[in-house]
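Next come two complexes, and both contain chain A; in the first it sits with chain B, in the second with chain C.
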Partner chain A sequence: MSAPTAGLVLEGIDFAYGGARALNGVSLSVPPASIVALLGSNGAGKSTTAKVIAGALRPVRGTIVFDGQSIAGLPSHQVMRRGVVLVPEGRLVFAQMTIQDNLMMGAYKENRRSRVAALLEQNYTTFPRLKERRHQLAGSLSGGEQQMLAIARGLMAEPRLLVLDEPSLGIMPKLVQEIFVLIRRIVDNGMSILLIEQNARASLELAGYAYVLEKGQIILQGEGRQLLADEFVQNAYLGTDT
Partner chain B sequence: MNGTLLFQTLVDGLILGGIFSLSAVGFSLIFGVLGVVNLAHGVFILAGAYIGLWLKGALGLDPLAAIPVVFLVLAVIGGALQRTLVSAAVQRGSLMTSLLITFGASLILRDLLILAFGPDIQSLSSTWLLRTYHVGGVVIDGARATGLLASLVLLAMLAIALHAMKVGRAIRATAQQSFAAGLCGVDSNRIYTLTFGVSAGFAGASGIIIGMINPFSPFDDAYWTLNAFVTVVLGGVGSPVGALLGGLMLGEISTLSSQYIGPRFPNVFIFCALLLMLIVRPNGLLGNAYKASV
Partner chain C sequence: MDAFNGRIPAGIWGLSAVLLAAAVMLPFMLSPFQIRLAQQILLFGGMAVAWQMLGGFTNYWSFGHTAFFGLGAFAAGLLAQQLDPSLSVAVKLAIGTVFAIGLALVAALAIAIPVLNLRGIYFAIAMLAFAEILAEITKTFDAFHGTSGFPLPALLVPGLTKVQLFYFLFLLLFLTNIAVFVWLRRSRIGMGLTCIGQDEDTAAMLGIPTERYKLVAFVLSAVLTAIGGVLYGYSLGFISTGSVFRIDISLNLILYTMLGGIGTVAGPIIGAALMIVLTQVVLGNLLDLHMMLTGAVLIAMVILAPKGLMGLARKAWDRRRGAAEGRP
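Showing the complex of A and B:
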């Protein structure tokens, strides 16, 4: 028996949609208080990995351990109670609910009203724009603001690991900058982040460690800076893209 | 045109509309949250009326006081139906399969009602409900006044629960984005069971009120399911306010057309209104409470 490892450890995860294999022996780990990036092109299996971690999809084979406890096969509403929270691709805010109701949904597992109020206050300090518009419907926000709301909703659950699936997708560059600054700040508070991104350069600059996923397999891994200098990564993911 | 008659007709429409609203709100909620068209809805309503009848006969319980009991019994029946048959139908088949399953359940439940209470026409009226009141030329009897009031109170309670309570927020969130609600920690299966149960409870409560005002028989179920369907199309899916608007429209169209055109004609006008709404606003007056309007 090995000692329980802190953080998230995936080992040999296989997953298939019907007969189509999407993940093939994926192993990766996210140590506590760190940023790990998962890169890859469209259809490489990044979002599938995110959903498997969050419990939305059940892996065919492999283990998922978080802070020493197995979370593989748990439904998503239980995985989040273990401290692993996914901010899904496409944001998926509750469009017909107010911003404040969205945030309060994030703190759904919390039964103490005073704690919910404190979390709200904390997130409104981090996201003043959400506070100004807290009684508006989430559907009235711009894409970037919805992303902020989705991240804030995730933070309301007080995760120890936040999985961000494509937070910069379809968002104007200025806000993308803001989101990356924010990610840095979240980690300073002791949370860890698994950053799933197509924006390879910004992610690699931020991440301590990174994995590259291609056709459902990890084909490359290393420290962020190291991958930034890697010739294959430069050709395949950095190119003219900034 | 006689002013008092018009006013009386409008008031009658209002009362009928209040009942239509309450009887449809559960149908609307199930469709909005689960996407299931519950064809057993009309039988839930009648089951409420019959359970009220039994409580009155066996325990001498006043129909109005029976509402909480009937609500609970129907909530358990509805929740059990969802947990067993409906969820299995949706998971293993499709939403279409749930049509067949709920239709089957409605036939079984209706036959159980006939077995238990017989096929005859029954009524739930109490003596105090028969008293009539005259308000400025308009005649209202106790049953109708109580029915309208109880309908409005119950609808308001549901609206408050959906908007101000944590569980109501979880229901709305699940209806909009069940995946994201799961990521927030909501067990969507529990929410579906709860929604089905609460909706059946409201159907049962409306059955009591219907029984206080009109005679009923086990064969009325299709009529009430159809009315719920029309109410939801007119008012919009998923919200108590939508059900209220749709129900009031249905009630006024019914009474005005039968008063001024003829008692055989309400259906013609109701379906004309339905067609018109489908052309002008296919999602009903208020649209779907959980999805952006098309």
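Showing the complex of A and C:
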């Protein structure tokens, strides 16, 4: 596989909700086995970007290439079969199903029972908390635990790229820490991650490379540590708690 | 799989066998009026099970299933008039059923493309309108004889009275519907549909081909409902638009399901049995009152027990077991 086409590459993505422009020429790339952060405030177009990548929304213009193949305009169930899995914002677990069934649904494309069992075991090792409560309804979990379930469910699909949309949203700080540690571990296993976050500090510390989205446009990009030191980023996203 | 692929317990098989044996013997012990009641429970309870194939798993609640019911009755009835009169009635019924299945299949596929993209209440309204349109067509064009009505050939089998005969035909369809529903619920499609019911966008994101699964469930449901229409038409012997395109049929299917417990096999059947006995026996002499009662029951169930009687029973059972294990 030639270096420039491996991983995910977005180029010149435009998207509009009806007449309202949401993305304006967004270009970004996520190389294999890396963490890339996409930062931005509310309404900047972060979730729209995530949905466009996952095939839930069809871009008006632009190309999306994953490992050398175009995935722009494919329906989401085909995008995920190519190895791109979105863990959507707001930890959308199936509340009326058990934790185990939720995980099973993550491996929906997998027909081999033995493979599903192995994946399940693997995820229970990573998320022991979920194993303890596997026969409970997912709706009974706390917010942070539901987020873990959503991530674990994403991992059940054996993605090569995991798109995490705001995994720290509305979760208590202690669990946020835990989730970020997990993200680190996932990448160590060779997956790449596009981390979409408002929590700029934690994401920049984790990410090799980061983009800042503002009103549907990429206004800034650079290495994570470098952006952390950037004056604009500090003022706009890191607040005064320095 | 936790909930989907578990073995059906021996107790359920045993109970089903006992109930089936009882159902086969009943028509030889009951009065014709009682058999007629049982007929309706089998037909409409069975059709409520068919309605559930889409509405029970997902939030796509069809308020117009009488469209397929009437379509089946009209297709088989009008075809019977065109067929060679020397054919036996059983053959006419068989050909009519196949024709109705084909027609329902085509109609369901054609309507599915626009309506299955409508979510929630919009789907419900679109189906309601679809049923009304079909009803109007049969009334407007003389070729369909919808206003005046038309007779269907009388099916006779030696040794059985007419009510007994149709009782068994309805029983056959009833069993078919249950078998298809149970198969669907335990299949990958059923798992996918359950996820669609909880969150369709997330389901699509997990790789579930949501459009295709909704289509399969809708078409199965439509075809089985159309067969119900064929049998019902033959059992009446004379049909018109007013007797088979009936909004109360559409609504009753939903009511039975809600009353008994949505997503379960027994729920719609129990719901149908209760409502049919209640409206036709208890309130049999107060014809105007039963629609009002139907509405009241529906409202009460939606508010007090959204999971129906089966849901209440399960809750009571869980509580008793919880108490036995010393949990609060």
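Just so it is clear, the second predicted complex is superposed on the first by the 236 of 242 C-alpha atoms of A that agree within 3 Å, B and C clash if a C-alpha of one lies under 4 Å from a C-alpha of the other, contacts with A are read in each partner's own complex, and residues count from 1 in each chain.
FYI, contacts are C-beta pairs under 8 Å (C-beta built on N, C-alpha and C of every residue); 3 or more make two chains touch, one makes a residue touch a chain.
The model shown is predicted, which means the values in this text are computed figures rather than measured ones.
Once the two complexes are overlaid through chain A, chain B and chain C clash, as defined at the top of the document. By the touch criterion defined above, A:Gln100 lies against chain C but remains apart from chain B after alignment on the C-alpha atoms of chain A.
Using the contact criterion defined above for the overlaid structures, shared-chain residue A:Asn235 touches neither chain B nor chain C, since it reaches no partner. Touch criterion not met for A:Thr125: it reaches neither chain B nor chain C. Applying the stated contact rule after C-alpha superposition, one finds that A:Met80 touches each of chain B and chain C. In the superposition on chain A, A:His135 makes contact with chain C only, while chain B stays out of contact range. When the two complexes are superposed on chain A, the residues of chain A that touch both chain B and chain C are 54, 56, 75-77, 80-81, 85-86, 88, 92, 94-97, 101, 104-106, 108-109, 153, 157. On the side of chain A, the complex with chain C involves touching residues 54, 56, 75-77, 80-81, 85-86, 88, 92, 94-98, 100-101, 104-106, 108-109, 135, 153, 157.
Those residues of chain C that touch chain A in the complex are listed here as 1-4, 188, 191-192, 194-195, 198-199, 201-210. Those residues of chain A that touch chain B in the shared complex are 54, 56, 75-77, 80-81, 85-86, 88, 92-97, 101, 104-106, 108-109, 139, 153-154, 157.
Across the complex, chain B meets chain A through its residues 166, 169-170, 172-173, 176-177, 179-188, 289-292.
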